[in-house]
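Chain naming follows the written order as A, B, C and D, and within any one chain the residues start at number 1.
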């Protein structure tokens, strides 16, 4: 397992954030992926009408959409119009999916596909779902997280006739009830699964083994879900081809390097209003996440140094103009400490003790264990919540350390993720479904696959019009000289 | 007048924002300077207890601080503790003032100074006021803006015994009542004025001419106030030396270049969550403000081009790697349009008509006139408020243009200003007061002065410890070789 | 074959530069690798004493070193002292090898190794050879290129007792004579081969098959040589384990990204004195080479756009802030055109016709075919050599295009390669020899191997002291959490 | 005197380089300005035919141009054709002057002007001289430096009929002989002086006082010459209006900030082939020169820190992301030390003693006194010249410090200055001549003037087409709002 891929990793941190149900929710919450962050942040920005006094469980309500259907379960179908606007706004930055709709609409490549989906239900995933429908699929959908559903968006989907079973604030029981209602309906049997976390897959595998065996493919988005699939495969129990979209090049590079470059400044500003110019910053870890953070901070005038365990990444840091130090050597001088390692206890209590007054500490890596936050919950230290997501930890001598998001992911908690990045992921999911559904017999066996390089390139190409970028085409002569097909793939699979 | 200095300029924009009193408030609101922005933004971030149901006017309340004094008028003296914490937080980034307190405390350079002040009343100005007191001054204070007072901070100041007359949401009448109570108290006659906007100065000049004549100095912070002083001076009516701190080098360079470099990204992210990578941006104007914006945007991967009227700035843009274009040449392709000119109608309705769907338009210059927003208030266009400070202007064909802050200053409205920058201004004000109060007879005449270069350098030097920066000192031999005094000034006055 | 790896590729270009012997030298010259460039450039800078009138062939001279040995053949043994100084200068930037000498000197890991080597003979390779000797090896050496030998360095090596057979300006016959004398000496049989280009390997394979069969390992540096080895392996004729050091991560990343970032500016300045600020530049290809060029040019104020065939690289260019265009769209406006594609005819005659007066055209890719230089050798165009490596091509209307290095590699021809980069390659070679010589029976079979990730990391770690970089070490607990060995490898093999 | 303006400063350094005549040449050599550097470097690059055996003094030769004139004195009139090509190449990057020729050619604004000029005689100044002629002037020219004349260019000018008196390698006596022949010719009396260093002005003032009094204007380029003029003015002896073009904004900003950004990398690479990535560099002085150096070095991956005496510049360095240190704190760790202060003994022997092995030391400031080179010329240290302009200073323990250009200006000695920068200076000179010659009676008195802001802007505007930059024009309404004339000037005089 590559522990270093950063922000989309699910882990114990999520337990703290989501689990009210100690026994099982931990596992479920593992399914949380990056799309969560957008939801959370955005919802804090937009003015949702969720603060209604309506305490009735959606399961107890009788709701009908304007077409007369009641095959859905959402918070309030009347919020559909507001949800529609949110979807329309998202569409503006997801033109790759819109373009995919147009290119593939004539041929309806998903005609006959019956897809059950389990993802965060946000404006961005709504654009994905409606794209699948436009391509010919029948879809039923449920939420992969009990807190992340945008109720308005769920209503908007239900209003257009897509059976959605999800609301914000589901109970544990609700969660599985929704999944079951999504899969199990009379006269309709799913043949494709789109999952984010593996809960839906697991449910079908356990409860509806005959459905599972007949499925044509599974597309899985999260690290956790992919991990489960590989385990199933190893155990010889995976009787369906599955596509791992988490590790596609396009997604990896964008989710980490560029996404962190965009969000580190945002997360720090929104929480602390810190001025970047001249700040001494240490970034622990110079993988893609660390590279993104360092690029942005250096560009804004911060003086950045690096810690690394891997000499190759360390050498890159040197060549890129960053001093490579041990944390203990610099900890006293730092204004900001950022962890991006995927490791645990990278910042220890002892180091927290040695930080100077006002030092900001935050985590951009994959887990809330990078900073030893637990060690700060001790009687001699005072915690003072000064803003949402901002705590001052106060030492007996009055020194304050500024801890952001209690050591959880800064950009998940305190900034937004560009819709454009989510578009890349969603497009990859759509293409993976099309590929699996249309692949000739025998191309995919009962195993876990990476998206073919060529489709990765296709995802990229669909996003180029956003930048008004114009690709050059190989001439026949050039293609021959390079030993390439004119339509790609253009690089070997291992090229990053 | 230099129309190009950017964000601290006061102007008609402020009328719209603050004036409920069409006749006079317009003029008063001219006094709004950059510190306003911090106040606004910060107050939106911190959780003040202002939403009390207490509708009683502070003028009708009988309040006493714990020392038994009632010589103040604030919203609620009980908020003092919360205000104190805000002041303490601000002190962390204003170590220059704290350092000034320590260096000058023994000699009490302001002993005997009786200062009336009229500024925004925020945590940052509280640090200034308490520094003046620590240096020996007696102070009475009032607010330069009817909306910008942080009530808690005012309470904290009153609690320590500083007579403060200010609250958030004063009426026009309250405003002048406060100023008058600040100046006019038995047995105490001010001999120094610290003003931001010129209202206090004007009031003293008009109502208490004998006080005015005996004053030892005026320190004025705002463009508007400075402008009034120069007019008074020209008219031969300025009988007091006055210090123009608005145009000191340190303040100018920081408020414009660096401050905009910090805030342009923040302002855009908080309002639109836009991804910067690959965005096509046109920045109108390549003065200090434009330079700051361009540096930040380019560093984050935007593709930036420039419009300029001044060939020298245009040549700098070229050498810095920006294409210099006319707005009409590129307007159709741009994702973001930013004005930084200080001019009017830089973006016209015709150009707004030609923008592409989703184009973001905002202003970092000095005035809400840079974008012809008025032209957008026409029947064929629909305005949709999608978030605070974010409007979608919708054309009949469905095209949306995203207008931020209705064309007012983006960073004033939608981001924060680092306390560090405010510290520079506040330190300059303190030094100007010390200089005027202690200057030997005859050094300053009845005129408006710029802060001596040497004191500008002193302000800078007080801020270096924030960065752990170590200045080099000239040897005697080197000083002689350079023809410089070892303690400065190190550059001619015109050096920027 | 990955055609895109850039500067170290050998190709037909070399034929033009080196081959006086049309039939065979072309093949041999294929072995030219990057170290050549350093040699060439350096020799033009340093004042070698080569311009002697001594026309006698070294083969006809009787020379003896101060130890009385005559087992070598160099131009002039008396140049040894000058050569020694060159080696000492190189040692300063090759501290990784020096450090390797020290670390491994006690255990003499190459004791018993009898190495025949065929590389460029430069100060840098001398440091490598003397390191091998210090580690216990016996070495005999010859040159892989008839022009690239630094005679002084060869003399210095011979003086210390290393049998070297090489001089600048060998004939075809000399070349093979040298190789043969290197391999074939009484009472000594090589058991390791270090090759750059495959000529030595080929000679041993063909002429001394029994030696070949008993060899313990081959280390090959060049693309061409590696290609030959893979062919031999496929044909089932490779009876020795071979190490492909060309494709090690450390070498690839440094040779391309960083090395080009360093050399593009240098190459352009030395040839044209062009000012970078504000120049419009198109870079064809955004692989590692293109990325390096673009980073440097953008940083110096050039306005850079990109052409790409691969949508993933194109998307990276967008996110990095470069417009992605087709060459035809921009060719008229460009001041500089740079090819980095590895392809042919990327810049066509038609495009050359459309360039503006004074446009600079050069190639940083792998082959002189990227620019269609042949098309410029037509009667209507006038070539004017204005400086070494700089031609003005003059159109009938007077337009001049500035062609650098006749379309060959700019940085090979017109700039230098940092010794530090060569150090990485040389260290990798040394470690590969140690690994093969000491590997337990069965670890390596008769195949071509990449250097294990862990040794790649070791090469990197040996170069960190140059930067005073301090690696962090994993605690036991952390290593366990990450599932890593504390000493690495830290990343999966496919990580780049 | 502003000691900080950098590279064009004349000083004792020049004595060492040029003076063979201890008594007087020192003073004369003060006139050396930046154009020198280009000459020197360029001449080393191009293959001039100067190495002729012709030892005859030009004064003793009888030469006639093809028009039959012999009113000139150059090395060899037959080199005219080669010189013409050099001029043509220079014209390509001096399109501002060519454009000025075209714009002003009809009106012949210099008709009637009789100009004597004394400058470096290079291809670039030839373009200036021929522009003046094209605008109607009669010109006679001589060299301001005994070594800097490009003989071919002088020949080319003489061939077109411009009386030139200059050659490379003049004696002291030759120098004044040339000046005198330039001024003193029958039937022709100069009315304008263009000078670089003040020698010509001094000669006319002393020897031809009646000519001096009737002159309409003096244009002076160098710091030294300007200094002399101000002294003359103070003494009440300046009876002619003089224009100080040295201090025009356009020239200052370009000569320092941008020019150093371009040349620091070039100078270091050409001399040392140093790799920039990861190098620890200290730059002494953060004025315009230091800012330019730091920008370039940081961009190429160096880790840069700063020393400063001026707190304002130090604060800028902090905000720009550079640590501000004392030299002693870091000297042991540095790989490169660069001085940009204008001061003396900035790097002392003690600090040189503490540098690490291989440290590179060079000077980009104004004087060879910045590094205490004299202290290195002591018996315990060994100097080894390893390349042109590169010395290794070797300590008794073997430590080597790499000293570039013996502490003289690096970019003057070891890199080139872009013709584009020289174009800005030359255009400014031409405009100053036009302004003085055409100014209405009374606009200029007998004093030293800076070029009016508006003409500075005009110089800039003439250079914009090089970048295909398109200026925006103010509308009437906007000009009125800004209080500006539509044609400029657009900024106050003090704006930088």
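As a convention for this text, a residue touches a chain if its C-beta (ideal position, glycine included) is under 8 Å from a C-beta of that chain, and two chains touch if they have at least 3 such contacts.
Listed by chain with UniProt protein names: A, B, C, D = Adenosylhomocysteinase-like 1.
Keep in mind it's a predicted model, so treat the numbers as computed, not measured.
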item: Intersection of contact partners for chain B (Adenosylhomocysteinase-like 1) and chain C (Adenosylhomocysteinase-like 1); value: A, D
item: Most widely separated chain from chain D (Adenosylhomocysteinase-like 1), with each centre as the mean of CA atoms; value: A
item: Inter-centroid spacing, chain D (Adenosylhomocysteinase-like 1) versus chain C (Adenosylhomocysteinase-like 1) (mean Cα positions, whole Å); value: 40
item: Where chain A (Adenosylhomocysteinase-like 1) and chain C (Adenosylhomocysteinase-like 1) are represented by their mean Cα positions, the distance between them in whole Å; value: 42
item: Distance between the centres, which are taken as Cα means, of chain D (Adenosylhomocysteinase-like 1) and chain A (Adenosylhomocysteinase-like 1), whole angstrom; value: 58
item: In chain D (Adenosylhomocysteinase-like 1), residues with contacts to at least two other chains; value: 258, 277-278, 301, 318-319, 323, 466-468
item: Residues on chain D (Adenosylhomocysteinase-like 1) engaged by chain B (Adenosylhomocysteinase-like 1) in the complex (per definition of touch); value: 1-4, 249-250, 253-254, 258, 307-319, 323-327, 329, 342-346, 456-458, 460-461, 463-464, 466-475, 477-478, 481-483, 488, 490-492, 494-496
item: Residues of chain D (Adenosylhomocysteinase-like 1) touching chain C (Adenosylhomocysteinase-like 1) in the complex; value: 41-42, 45-47, 89, 92-93, 258, 261-262, 265-266, 269-270, 273-278, 280, 296, 299-301, 333, 357-358, 386-387, 400, 415-416, 418-421, 466-468
item: Residues of chain B (Adenosylhomocysteinase-like 1) touching chain C (Adenosylhomocysteinase-like 1) in the complex; value: 277-278, 298, 301-303, 318-323
